[in-house]
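The next block holds one structure in the form of structure tokens; read it before the comments.
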Amino acid sequence: MEDTPGNGAGSMLNLKNVTFSYSSGSKIFDDISINIDTDAITAVAGRNGTGKTTLTRLIMGIIHPQSGVIEFDGKLISDKPSYVLAKNIGYVFQNPDHQLFAATVYDEAAYAPMQLGMETKQIRECVDGALAATGLSEKAHLMPQTLSLGDKQRLSIASALAAKPRILILDEPTSGQDCRERTVLLRLMRKLNSTGLGIILVTHDMDILAEHADKMIVLADKKIAYAGTPRQLFADEEKTVKLGLELPEAAVIAAEMGLELCLTPAELYGKMAVWREKNA
Amino acid sequence: MPEEKNNTDFAPLTKLFMAITASVAALCTINLYALAILAGLEMIAAAVMDGGRVLWKGISILAVFAVILAGIQLLFITPLFLSVGSAYKMFIMAVSLFILVATTPTQAITAALVKQCRLPYDYAFMITAVLRFVPDLLKESKEVREAQSCRGFHPSRDPLRRIIDYMMIIKPMVFKAISRSENMAISLTLRGFSGKNKRTFMAATKLCGSDYIIMLVNLFICIAVVKYF
Amino acid sequence: MIKKAIGKSSDLRWITITTLLLAIGVILRIISPNLGGISLNWNIVMYATAILLCRPSPRQGLGIGIVSGIIATMTSKAALPYANLISDPVAAFICALLVRWCVFDIKLGRLQIEPLVIIFITTFISGGIFVTLTKVVLSLPMPLYLYAMLPAVLLVAALGSAAGQLLYFPAARIFNNDGINKKAFFLQNIDLTISKGEFFVLTGVNGSGKTSLLLSLAGAKPSYLGGFKNSDIHIDDIDIVKARPEILNNQTGLVMADYEAQLVTETVDDEIAFSLENKGMLPQQIIEKQHDVLKKVGLENMGGRKVTSLSGGQKQRLVIAAVLAMDTPILALDEPVAAVDPEGAKEIYDLLYRLNKEDGKTIIVAEHDLKYVLDIASHMAVIDKGQLKFSGEKQVCLEYMYTNKIYPEVIPLRWKIRREMGQEVC
């Protein structure tokens, strides 16, 4: 958890002096620069309205910066539209119903590779791989709308994966899901990351963030207010609160019990055992 | 038309009546002078009702449209007075309706349709509800479009292909609407929509003296135009 | 359970489907691509699809046509807007007739072509009437009519019917819940008693029957629910299984997970007024109520705002306000914090806590995130595969879930730590 894991391939997503505002309103970002290590799981957090989704939409090319550039592996991408970037970056939206249209789960997943002009054989491989990775192989012939919400969310991940992207953006992937589906999804996210896929996770759930993110970016006041490991930030409670975030539940409980900082339930249980031995 | 009146003072039924009489009058005459006077009267009515910039913007679009219509007819070698006449007619009818829509809340129009024109409430409800969902669905259509473009969707240059591609946007929206319709139906039931009680209408639809005067004036103009031109 | 207790939501389905599809039709007319200036008349495709799905009576079909005509008249800037008032009702009426009589319920090979034919005919009738009226009224030249306008109508009808054919079958499967549940879903062994003034939390995985149960408490039965088996439910002395839906309606107000579907009017004030108008309450009383409930949920002075301009959280508050206006002693909410951030979640639960303590409302919440309710709830139940596993005091219920491994993932960390280390540690 401490530092960047991954295979050290070292591909990078760089935002340089990016400024952005929607045509209707005031600035969302004012001259922000950040390097995102695309081997890690990087979480994007911040109060509502600070531009978490705007940041990922900029990366995906849905919107484009007024000034500044975004580069991927040293190549300029901020002038390209999202349908071109889909080859390298997958984007999973909060609401899977916004994209499901095909007659079967298989066709749904096959759309992106078809659109990107892959050959039939390659499409088949990519789709089978994506469905297997997300545990949907058995449901390939079903109609997407008849799936459970958890399955739908994993299908939209599969349909992004089928294009063989190198980065996957997940926007509040656990919203509306029950605790069991949530666990499955987060496990899937880690598995995908361990195979070398970079993850950018937009979330307001600090428990998930603390347990799963290697790095985090916090947005506030049109700027990047924090970039670093979750542990470093959560160690400074005052700063965390100032940025509009709350501490993860494990950290709160640990503090109330007078223990050192804990980010995950497992860590908390570990520290508790030590504490109990000492007090016994 | 009395000067001190503004849009809140006319009942929706009065405005509806004005729109209909203006249109009937325009329909029944081919006299260019009469049509010009009708169009002029409508402009005065529009000024009095004070619909703001939206109203005038709409009227100017319709004016351009009328000129284009006349142009097309001239292209097909229609006599000049007929071309100008039908442009006038189109303008008068479209503007009469536009004034009504731009200066009256939909809730008030539907209340008038139910209480005074005997439209069953189910249908009146549908009209307001459709208009309530339009902005939300417009936003949703943008979201769907973005979601699809992130999977490589982009409109083709071939126009026919474009329409087929467009099913990518339409399908998710229709499917969602169908699932949502059940929740909406349940919610309506719970809120006493199909109850047997007599329904109250909050929107003001009552006619007062000035409404009757305006309606009479309109009727008079309409009859005069039909009879004498 | 027998048929009588069905809250007749299905009776209104033709209204809600037509409404939503017509709204989509309106925006598609604005944003969809066109073919050399001729845009598809999506309104017609949409109401014909709605008629094909719901198969309403010809009279209702006529009404749908009138609605579409009025909407088109109000939103389109065609040369002769009034023409829609005649063309759409006639076309929709004929469409409903054809669908009722199943005239075109035929197959071409394995392909059912009813939607194709019906939408083609409907669009052609509507478009034909429209251009003919325009031609006659504006005395347009005959060649323009014959060689430009009528062919355009044919083209539009052909495109519309193709689009409708593609849309209809998947839409019908969703409409009929095909493949979602092959067998009817039943709620079984629900032995539940909720007393006045409780703050009750219902939990269980997605698909376990939480929503069905909440809807049934409020007297509405979703189409996929078969009914109750071997169940005995009492809330505040009312027998839920036996009571008539109208009685349950007046007893429980419901805020759905998809709360946006509950908002049906243009402005905030109208939304509060809607249910009260349906009840026939006097205007003066309605105005007082509007003021009261908006203040309670923190939307005071927003009465004139358009519903569409509100944020997600504000919309949810508005639904709560509209439900409060109906003065039901019980308030039920389905996953109220699923789509809000932690700050918003705390605000919602603060509001519910106040309503429970100050106004004495009985609160029933279906929830996955027990972190927020752990210290608020008094009672709890867990449901699994349509069966109630346990119901009782919160502590006892959590203990039961913990020891019997019933949906243990949902148990808050804090509770588990307290259980292990003692209540006072955190």
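Order as written gives the chain letters A, B and C; numbering starts at 1 within each chain.
Just so we're on the same page, contacts are C-beta pairs under 8 Å (C-beta built on N, C-alpha and C of every residue); 3 or more make two chains touch, one makes a residue touch a chain.
Since we're looking at a predicted model, the values are computed, not measured.
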Ranked by contacting C-beta pairs, which pair of chains comes out on top? B-C
Quick one: most central chain, C-alpha centroids? C
Can you check how far apart chain A and chain C are, centre to centre, with Cα atoms defining each centre and the answer in Å? 31
Chain B and chain C: spacing of chain centres that average the CA atoms, whole Å: 27
Roughly how far is chain A from chain B, centre to centre by C-alpha average, rounded to an integer in Å? 46
Residues of chain B engaged with two or more neighbouring chains: 167, 171, 175, 179
Give me the residue numbers in chain A that touch at least two other chains, ranges are fine. 145
Residues of chain C that touch two or more other chains sit at 170, 174
Touching residues (chain side chain C, partner chain B) in the complex: 7-13, 15-24, 26-28, 30-36, 40, 49, 53, 63-64, 66-67, 70-71, 73-74, 77-82, 137-141, 143-144, 159, 163, 166-167, 170-171, 174-175, 215, 218-220, 222-223, 245, 249, 253-254, 256, 258, 260-267, 269-270, 273-283, 286, 306-308, 322, 326
Can you name the residues of chain B that touch chain C in the complex? 23, 27, 58, 61-62, 65, 69, 72-73, 76-78, 82, 85-86, 89-90, 93-94, 97, 101, 105-107, 119-120, 122-123, 125-138, 141, 155, 159-160, 162-163, 166-167, 170-171, 173-175, 177-195, 197-202
Please name which positions on chain B make contact with chain A in the complex. 140, 143-144, 146-154, 167-168, 171-172, 175-176, 179
Residue set of chain C touching chain A in the complex reads 170, 173-174, 178-180, 204-207, 257, 335, 338-339, 341-344, 368, 371, 407, 409-410, 412-414, 417, 420-421, 425-426
So, in the complex, the side of chain A touching chain C is made of residues 47-48, 103, 142-143, 145-146, 148-150, 175-183, 204-206, 244, 246, 249-250, 252-253, 256-257, 265, 268, 272
